[in-house]
Amino acid sequence: MDLAATILVDGLIYAGWLFIVSVGLTLVFGVLNILNIAHGSLYAIGAYASASMVGAYFALGGEAFPYGSYVAMILAALLVALVLGPLLERGLLRFFYGRDEVLNVLVTYAVFLILEDVMKLIWGVNPYFVYEPYTLLGDVEIGPLFYVGYDFAVIAAAIVVGLAVWLTLNKTRVGKVVLAVIHDSEMSQTMGVNVQRIYLGAFMAGTFLAALGGALTAPMISVTPGLGVNVIIVAFAVVIIGGLGSVPGAAIGALMVGISRAASVHLMPEAELFIIYFVMAIVLLFRPEGLFAKTQARKI
Amino acid sequence: MNKAVLEVRDLQKTFGAVTAAQDISVTVPEGAVYSLIGSNGAGKTTFVNMVTGYIKPDSGLINFGNRNIAGMAPRQITRLGIHRSFQIAQLCAELTVEENMLVADAIHGHPGPSFLRRAHNAEARERALATLERFHIAEHRDRLVPELSGGVKKLLDIAMAMAGETQIMMLDEPTSGVAADEKFPIMDLVMDALRSAGVTVIFVEHDMDIVTRYSERVLAFYDGRIIADDAPGEVLSDPEVQRYVTGAPA
Amino acid sequence: MRFNLLLAAVIAFVVLAAGSVILPDWAMFLFAMALAKGLVCLGIVGMMRGGVVSFGQGLYYCLGAYTATLVANNLGVSDIFLLTLLSSAVCLLVGMAFGPLLSSYRGIFFAMLSLALSMVLYGSLSKMSFIGGTDGLNIAAPTFLGWAPEGRPLQMALYIYVVAIVVIAGVLMRIYFDSERGLLTLATRDNELRVEYLGASVRNVMTYNYVFGAVLGGIGGTIAALALGHVDPEFAFWTTSGEFVFVAILAGSLSVPSVFVAAIILELVRSFSNLYFPNTWQLALGIFLLAVIVVLPKGLGSLVSRRKGSPA
Amino acid sequence: MMKSRIGGLLAATTLAVGMAGPAAAADDTFKIGVITFLSGQAAESFGVPAWNGGKLLVDMLNEGGKLPAPYDKMGFGGMKIEAVIVDEAGGATKQVQEFRNLVQREEVDAVVGYVSSGDCLAVPPVADELKAFTILYDCGTPRVFEDGSYEYVFRTAAHATMDNVSLARYLKSRDFDVPSFAGLNQDYAWGQDSWADFTGAMKQLYPDAEVKTALFPKFGAGQYGTEISALLREKPALVHSSNWGGDLQGFLIQATARGLHKRAQLALAAGDHVIPQLQDKMPDGIFLGARGVNGLAAYARGGELKQLTDTMWDAYEAEYNTFPVQAPFRMWQALFGLKTAVEKAMADNGGTKPTSEELAAAMKGLSWDAPSGRIEMALADGHQAIQPNAIGTTKWNADTGKMELVDVEYYDARCVNPPEGMKSQDWLAQGFPGAECD
């Protein structure tokens, strides 16, 4: 197969994954104005929960209908969002709204540290495996290369997630209110929007998306401690490139990072480590607030 | 008439489809007091913002002291001698009134702010106090900005702008946010201070009583253009101005 | 006032230096490391006063450490004064190169861009296997103007050296914070527009704070490298920088000494939680962090210093 | 005068810390500080199994009489063993501090630890400065004793050069045709060094083999889709990887799903430790090593060490319900070595608890038996161990439901380790001078 096509396919697969893990981060930042370092931990918890749920599904006789494991994965992510979303947002984050952005980064850093150990207390240090869903969708042969059908399912999932988020924000009443809050939370507060509920909802959605990213990744890796650390930095880069708080930005950022990383692995493997920072530095140099950031002139 | 201190020629500015300034040409003589009137969005503040460097005009000249300052940064224009105040007083909210003054003093001290000299040094505090006294706000010097009334904030805003060598002072709605019964005392205070310093004044104002009482000449803005440029009485009786700006019956 | 500052400096020096006699070996080392890291955090506090927080101060911490190590290993320089001088000069130059670039970013963008820069250094060093890659390098014990102590005297000499640098840097930064430029920095955090319309350059203000932070970071890194005897790219990793930010927030921007107290507290908490909760030390540290942010929103400094006129 | 108030606070802290006195171990107890990974990626692969094995052995020794001679005596020379354990996660900076704390605050009699090469490089100078007897039990980098020399520091496991030289020798001895090969290694010193060692050894044994590509995905990357595409495109005959832990498991799952193992021979320098987790998901026919005759290779070896090996193997399986892989084996050889050294020193000093100096003198050049074979402190003037190695091929036994290692080749310690006084890079570059192979 043509090298360019390989790069494109590899890049798209990676970008799909990147988008799912970073769109929740950008959404939470847009609404709550908190850059959530613990997003990586939520991703890892999603992976663990998914591994446990899928494991339980097969243990309870799921072999008869293995495709049900996909439902188990999504349920795992939902469960994480339902438990941890309210716990973190109502129990902790709401006390920090309106505080300095950077201080809030530290708050979530503390949450990240705590969750790392909590995961260890719940799941131990031994790895969890659930390969069944990964091989269930068969192979896809493109030229001389084999891909796993699951890879393309991840792209599809990313597109579904992207469309769902976009449609919810732009075509529903709730979504428009969320957009208003993203734009100006103080103003929407005076307009009678129940900002608290919007915050909780957005954080739960963000948690769900992080956990979903982990849940979808779980079948292709071994779920071990320390999973979250590596995710958070790339997700940050994607979100910063796209512009904090912008959903289309996260999509474009994911595509840029995904494809340039794939190109680097194929053409210049030694540059792979830097490529993300390189893309980010270039973008910020020309657009200091990222590609799709809301730029607002200040009224004086 | 004194020689011109500010000459504006054919300023143009559009924001997307909105024309914010169209063929703006004005000549302001030294020591004059000009006022700018017009409804919201007519282009008064845009004009002030262009002269003081907050907005870069699309084209046109702004001549001040033998050079075209159009497109220069606010910092450079301020250094040349055009200072301004703001619709919403721009103060440092976490500092006291005195410290706000000390900031202004430090910047304009010579040879510029020092890394070693204490900000609260005796001479600077004396100068700051003198300026605060000139604007009758010395009693508030130890208070933090959020505790101040609208009028005091406005005065402090202007006092800070006066810390440097000011040739032109542009006041953007000096009485907005000020209690009705404070408006005239504050304007008296400000105009006395500015006149005694020999500063040319250009102010934006909605209150026609203030316009007639303090300005020598009025520029009426409508739709990004200047539709009248004359003495207050002439401008306010101009039918076009009455229709578009003051809304008074013809 | 200046007399008071001098007196306070002398007292601080005497109290801290007394540690070289009172403290057991392990604690003296821990204090030395904490003070060295405190220097880096002092730089962040300087930036915090201007309203920005660097999440990439590991860049200079690492750069200083590597400069000292490479110079010591390749040019045979072992004098601690010379090494400190050289690495702070390198950091000064690099800071002057990046300062103007970063000075137009604020908030989360400043934090993230500075983080990206330090991660690039981390990545580059990790790739350079000829200088140890991720494993890093060792650096021999320093000499002090020709004197080459060993054992406890070495630890004492290093400790006193850090204490002296900390006191000098602390006094200089205090003078700077109280100066006209220092006030200008506070004004910039409050209202950049006002500062620009008073005729001062906000970028200038930001650049100076950044460059001072760079130099302090380099000095801190040099001392840490000499005390540890080892450097590795981890010095530039984001979690290292995150810890510096934590100390700076714990200290708050009101008081210089509280920066060093905060640094020592963090080291102690970490060291003991590591030993007593080997499996859950991150949990312990996270809870400590949250507790500090909740209980002391303005930092340790707010316990001892209240800005004149500020509401209680 | 806030400054002096803070000064007061500082003074108080200083004093408080000064008072808190540590408790030194009594004379009938030998206190060891153990440092290994309890969190992060290396915890599940190395740290936790190693200490599981270590704890087991310490308990068995404290009870006494559970092991065959010469290890049948209780504790270390009759002294009860007490262990303080510290998490290795957090980087070399933290480890140097923790090391000082262990030695100066906890006053341990010996330190046994370090999986990470960075930590193994950072700690020895401090160990010498503090005159603290220290055993590096796991880490791989040859640089520790090739770039420095230490009096109180010993490494009881062979360094990593052996792993990749053995792998290359295995290919040669099995007449495996390698027209080309590629590498996928973690992007940090371990992966970079392993790849350099492997290419160095291949240059000697397969001078005509072409290097197709050298990939270095980030440590902990998790996603190898792009790398696998690159490997499939380049079509090398063999893919070398020194990945470990989650990175190796993730790579294997994704690579086998895309059929990489059918198109190229996979050769894993340190791959045995993922077998208990992957079980039958580990494909058949992979060449792998265990960084020594550890795990399955030790179990399959038999011979005169069978009794010792089986005792430990069975105890481990009974306790943890899984078989021991390389990490516990290396912890065991360190502890057996320490026991031998302590007892030797006590024989020399009349039976009192040995000092660090006495321990170091006893350890230098020592050799002893461990489940992983004969360990000889043969390099770096008696401070660096060499040990035999083994490489085998995976084969799933469906009947027993267990992974087996077949076609195992055992290599003498002196065949795959450089001789005394020679750096491993030079040894590779010069074509293994002085290697003693059968």
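Side notes on the structure shown:
Letters A, B, C and D mark the chains in the order given here, with residues in each chain numbered from 1 onward.
Basically, a residue touches a chain if its C-beta (ideal position, glycine included) is under 8 Å from a C-beta of that chain, and two chains touch if they have at least 3 such contacts.
Predicted model, so just to flag it, every value in this text is computed and none were measured.
Listed by label, the chains touching subunit C and subunit D alike are A. Chain centres computed from CA atoms place D at the largest separation from subunit B.
Among the chains, the centre nearest to the mean of all shown protein C-alpha atoms is found for C. Our note on geometry: subunit A versus subunit B, Cα centroid distance of 49 Å, whole angstroms.
Distance between subunit B and subunit D, defined via averaged C-alpha coordinates, is recorded as 74 Å. Here the CA centre of subunit B is 43 Å from the CA centre of subunit C. Taking each chain's centre as the mean of its C-alpha atoms, subunit A lies 33 Å from subunit C. Contacts with at least two other chains are made by residues 116-117, 120, 270, 273, 300 of subunit A. Multi-chain contact residues of subunit B (touching two or more other chains): 86, 90.
For subunit D, residues touching at least two other chains, in rising order: 38-39, 187.
Subunit D contributes residues 1-7, 9-11, 13-15, 17-18, 21-22, 38-39, 84-87, 90-94, 96-98, 100-101, 103-106, 117-118, 121-122, 125-126, 129-130, 141, 143, 147-148, 187-190, 192-193, 196 to its touches with subunit C in the complex.
Within the complex, the subunit C residues that touch subunit D are 4-5, 7-9, 11-12, 15-16, 18-19, 22-27, 29-31, 33, 126-127, 129, 132-138, 140-141, 150-151, 154, 224, 228-230, 232, 234-235, 237, 240, 255-258, 260-261, 264-265, 267-268, 270-271, 274-275, 278-279, 281-282, 304-305.
Within the complex formed with subunit C, the subunit B residues making contact are 52, 73-75, 78-79, 83-84, 86, 90-96, 99-100, 102-104, 106-109, 113-120, 124, 142-144, 160-161, 163-164. Here subunit C touches subunit A in the complex through residues 53, 55, 104-105, 107-109, 111-113, 115-116, 119-120, 123-124, 126-127, 193, 238, 242, 245-246, 249, 279-283, 285-287, 289-290, 293-294, 297, going by the rule given at the top.
Listed in rising order, the residues of subunit A touching subunit D in the complex are 1, 3, 6, 9-11, 13-14, 17, 116-117, 120, 125-127, 129, 131, 134-135, 139, 144-148, 150-151, 217, 220-222, 224-227, 229-231, 261-262, 265-266, 269-270, 272-273.
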